[in-house]
Every structure is written in structure tokens, then in C-alpha cells.
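As C-alpha cells, here come the structures.
One chain, chain A, links the two complexes that follow: it is found with chain B in the first and with chain C in the second.
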Partner chain A sequence: MSPRAAWRLETLGFGEVYDYIDGKVDWMAAGLPTEGTNAQHPRAGDIARKDVPTAGLQEKLGDVKARVEVQGWDAVVAVNDQRVVLGLLRAKELAGDPEQPIEKAMRPGPSTFRPYVSLHEMLHFMVDHKLDSAPVTTSDGRLVGLLLQKDVAAEMEKK
Partner chain B sequence: MADSAETKERCKGCEREIDICAFCQEPGCAAAICYGCQNRELRQTVPQPHAHGG
Partner chain C sequence: MPREIRREEVRKVVASGAQLVEVLPSPEYEEDHLPGAIHIPLRKIDSQGVELLDRKRAVIVYCWDTA
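Entry: the complex of A and B
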């Protein structure tokens, strides 16, 4: 909220009022809770798979592929030690030379999406672009999870 | 010397010429979209509601 609105709320008797300088969109992008009618609709961050496997840049592709296949995944997110998304490997990239490091095999700088994006819009985009998965991150690039098209479609069918 | 015949995409929203689709980053995307239009359509960015300081 704006600083003036925050001050006004204090005059109305609210004890804990803060001015979130980065704004409402950044608040939602961090996956923080919201209230109101729109807050009731599930969004990308709600159903993104939080258990998506991750890998470091220096890991060997063959090792990572073997590890994630056991877990039933065909996608891996390359992250640094702060869980900031640096790259993405889908089936095509995972099929590369097993001796190369993740850094060479990954698709660098993938498009990422914020947790508050509506499922309806994401499904529309994912179908149009024939994309099975999309990484969801906070606005500072930290991994929230991997959104799967099949999960979005299943969630939309519930309605 | 750079190859000037390089194929470019055109954003389906603003029709601006773009190097690659911002959403899928696949060359030859039939629904290619620029970063700005993508973020507006997905509402990842919101226009300033008013010009004054709030």
C-alpha cells in the first residue's frame, strides 16, 4: 500500500501497519498470502511442483539424469546455492552427452513465471506454445517449483 | 561479418520484430510473443494506476 494509506490505517487504530515499498505485485511474487475474492483462485505457485529436482552447474549430466529418472522426472532446474534459477533441462537437454557438465547442457536463462499468475492464463499459453513445464520463481529469481501443464489442466477441470 | 539473412519472429501482440519467443524460447514459434506483451497478458506487470505519488 502507499505510505499515505499506511498512515491513515494507523490513525484508524490498526497497530501493525507497514509500507511494503516494492509493491503489491512483488508481495504476491514472493508467494506471500493475500486476501480478497481473487485470493481464492489457485495460482501457478499453488500447484507448481515444489519437489522438482535441481542440479548444480558443475554436476555431470549423466549423474543428474540417472538421479532424476529414478524419481520419475524428465526435467531438472539448474540452480545456484541460493536456489536462483540459472537454467532448465527438459528431456531434450537431458538426452545430451552424459559427460558434459550441467552448465553446458542446460538451456540458460529460461523464461520464468511468478507464483501469482492465473492458471487459466498459464494453461492457455502452455497449450499455444506446446510447453509441458514452466519454472515458477519469486521476483528475485528463486525457485518456487515447476508448473506442469498436466497439473494445470487437471486443476482447471475441477471447476 | 554477421549474417543479415537471420530469420526473426514477429510478436503476435505488438507485431514488433523479436529474436525469439519470450515464452517458449523456441525458434519458429507460431505464437511468438515479446517479453513485454507476455508479461502484460500474464499480468506479471501492472500499469501504474495513476501518475501521482499515491
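Entry: the complex of A and C
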């Protein structure tokens, strides 16, 4: 649709016309702000915990577990140096052999969600799929935060 | 000829004074639009529909995605 709009503007005499081809979905997936009626309601990216611990693939599980327990977490997101999500470790994975690297212990390729997804949609999905938590990422896979089902439910209760 | 741009360039061009135009139908614009974007649905882009726009400034159009 936008390419046709761009060409039409040019035929109407506009000299400098750009087409943001990836559009609104790309903007929202990057967690950037929007205006409008939906912007008044919190979404996945708004309440995802930004302080979720992360770990590199070569770190030892035992070291990571000790570090995150001090912070009060029982989940860790495995990321690369670009903060791209490569895996997830919840309590079950964290209870594995402390000598193994994160790369071996993690659950690889977890389902991720974009920041603009509504809390209503997230809660349904997380309940249906028995997910206590889910990583929220930008469209290029970078970690925004970890969304906790209990946080989603609490936020929905406020309405 | 219109030029295709990506997100980071959108931000730069807007910061330098470009006008943002969402061309989707009204309900979608009302729910969410980029900050500062004005609404001109595709079907309204004609000589009257673009009166809100300044022809001397750059214009960026967008819809939902690449479709």
C-alpha cells in the first residue's frame, strides 16, 4: 500500500518522498512508542522485566545459577554479545549439572513475543501453553525483557 | 522516484523535519500510529487530500508492513 501512496504523492508534485517499507509493524516490534487509543494500554514490552538476568553461552551453569539466585531470579535468558536471544533457562534447566556450559543446559530457540502484543493476548497464550514466563524481543531478536505470567495477570486485574 | 528507507533512517529524516503519513484506513490509524504521523488513507491521496502537507518538506509514507 505505501509504495502506491509514495508514487501517487510524487505524481502530485512532491519532490522528496520516502517509503518506510517495513511499516508500523517494524516500528512497534522495535518497542518504539506510538500514539493512539492502543497506546494508552500497557503491552508486553511495557511490563516485561527488563532486569532479567542474562548469560553467555560459554558460562558455567553453576556460576550463572549462583549469580541469579542472589538476584532473586529462577530464570535466565541466554544471549550473544548483541543481546540476541539464543535460549532460555528456567528452574528445571538451572537445576542441571553445574559444570556444563549454558549452551548445553539451555532450552534453545524459545518462543519469543514482540513488544506490541496486547496483555490480553499474552495471558491467553501463556495460560494455554502453561508458560510462566516468555522472552519479549525486537523483530531482530534482541532481548527487551522477560514477561512473567503473574505480572500480566496482575496488570489485567487492574482493569 | 520515491526512495525506500528503514527504521533508523525514518527517525533521522523525521528529526530533520520530514512529514510522516500513515495511509492505512481510519481504525488502524486511530489504534496506533507513529508519533506525529498524520492520516491520509491511500484512497484520499489526491490533490485535495494532500492539502495538509507541505510540498517543500520531505514526506515519509508508511502502512502496516511490506505488503
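Note that in this section the second predicted complex is superposed on the first by the 141 of 159 C-alpha atoms of A that agree within 3 Å, B and C clash if a C-alpha of one lies under 4 Å from a C-alpha of the other, contacts with A are read in each partner's own complex, and residues count from 1 in each chain.
The working rule: contacts are C-beta pairs under 8 Å (C-beta built on N, C-alpha and C of every residue); 3 or more make two chains touch, one makes a residue touch a chain.
Worth saying up front: this structure is predicted, and the values here are computed from it rather than measured.
Undergrad: Applying the touch criterion given at the start, work out whether A:M122 contacts chain B, chain C, both or neither, answering first, second, both or neither.
TA: After superposition on chain A, A:M122 lies in contact with chain B alone.
Undergrad: Could you say whether A:D26 touches chain B, chain C, both of them, or neither, answering first, second, both or neither?
TA: A:D26: touches chain C, not chain B.
Undergrad: Using the superposition described at the top, determine whether chain B or chain C touches more residues of chain A.
TA: Higher number of touched chain A residues: C.
Undergrad: Which partner does A:S2 contact after superposing on A: first (chain B), second (chain C), both, neither?
TA: both
Undergrad: Tell me the contact category for A:R107 with respect to chain B and chain C: first, second, both or neither.
TA: A:R107 sits against chain B, while chain C stays out of touch.
Undergrad: Kindly classify A:K130 by the partners it touches after superposition: chain B alone (first), chain C alone (second), both, or neither?
TA: Only chain B; A:K130 stays clear of chain C.
Undergrad: For A:E10, select first, second, both or neither according to whether it touches chain B, chain C, the two together, or no partner.
TA: In the superposition, A:E10 touches chain C alone.
Undergrad: So which bits of chain A does chain B touch that chain C touches too?
TA: The answer is residues 2-5, 25 of chain A.
Undergrad: Which of the residues in chain C end up touching chain A in this complex?
TA: Residue positions touching the partner: 1-7, 9-10, 13, 18, 21-24, 29-37, 40, 42, 45-47, 50, 53, 55, 57-67.
Undergrad: Could you please specify the touching residues of chain A with respect to chain B in the complex?
TA: 2-5, 25, 107, 110-111, 113-114, 117-118, 121-122, 125, 128-131
Undergrad: Spell out the part of chain A that touches chain C in their complex, as residue ranges.
TA: 1-10, 12-28, 30, 32-39, 116
Undergrad: Residues of chain B touching chain A in their complex?
TA: Residues of chain B touching chain A: 21-26, 29, 31, 38, 41-46, 53-54.
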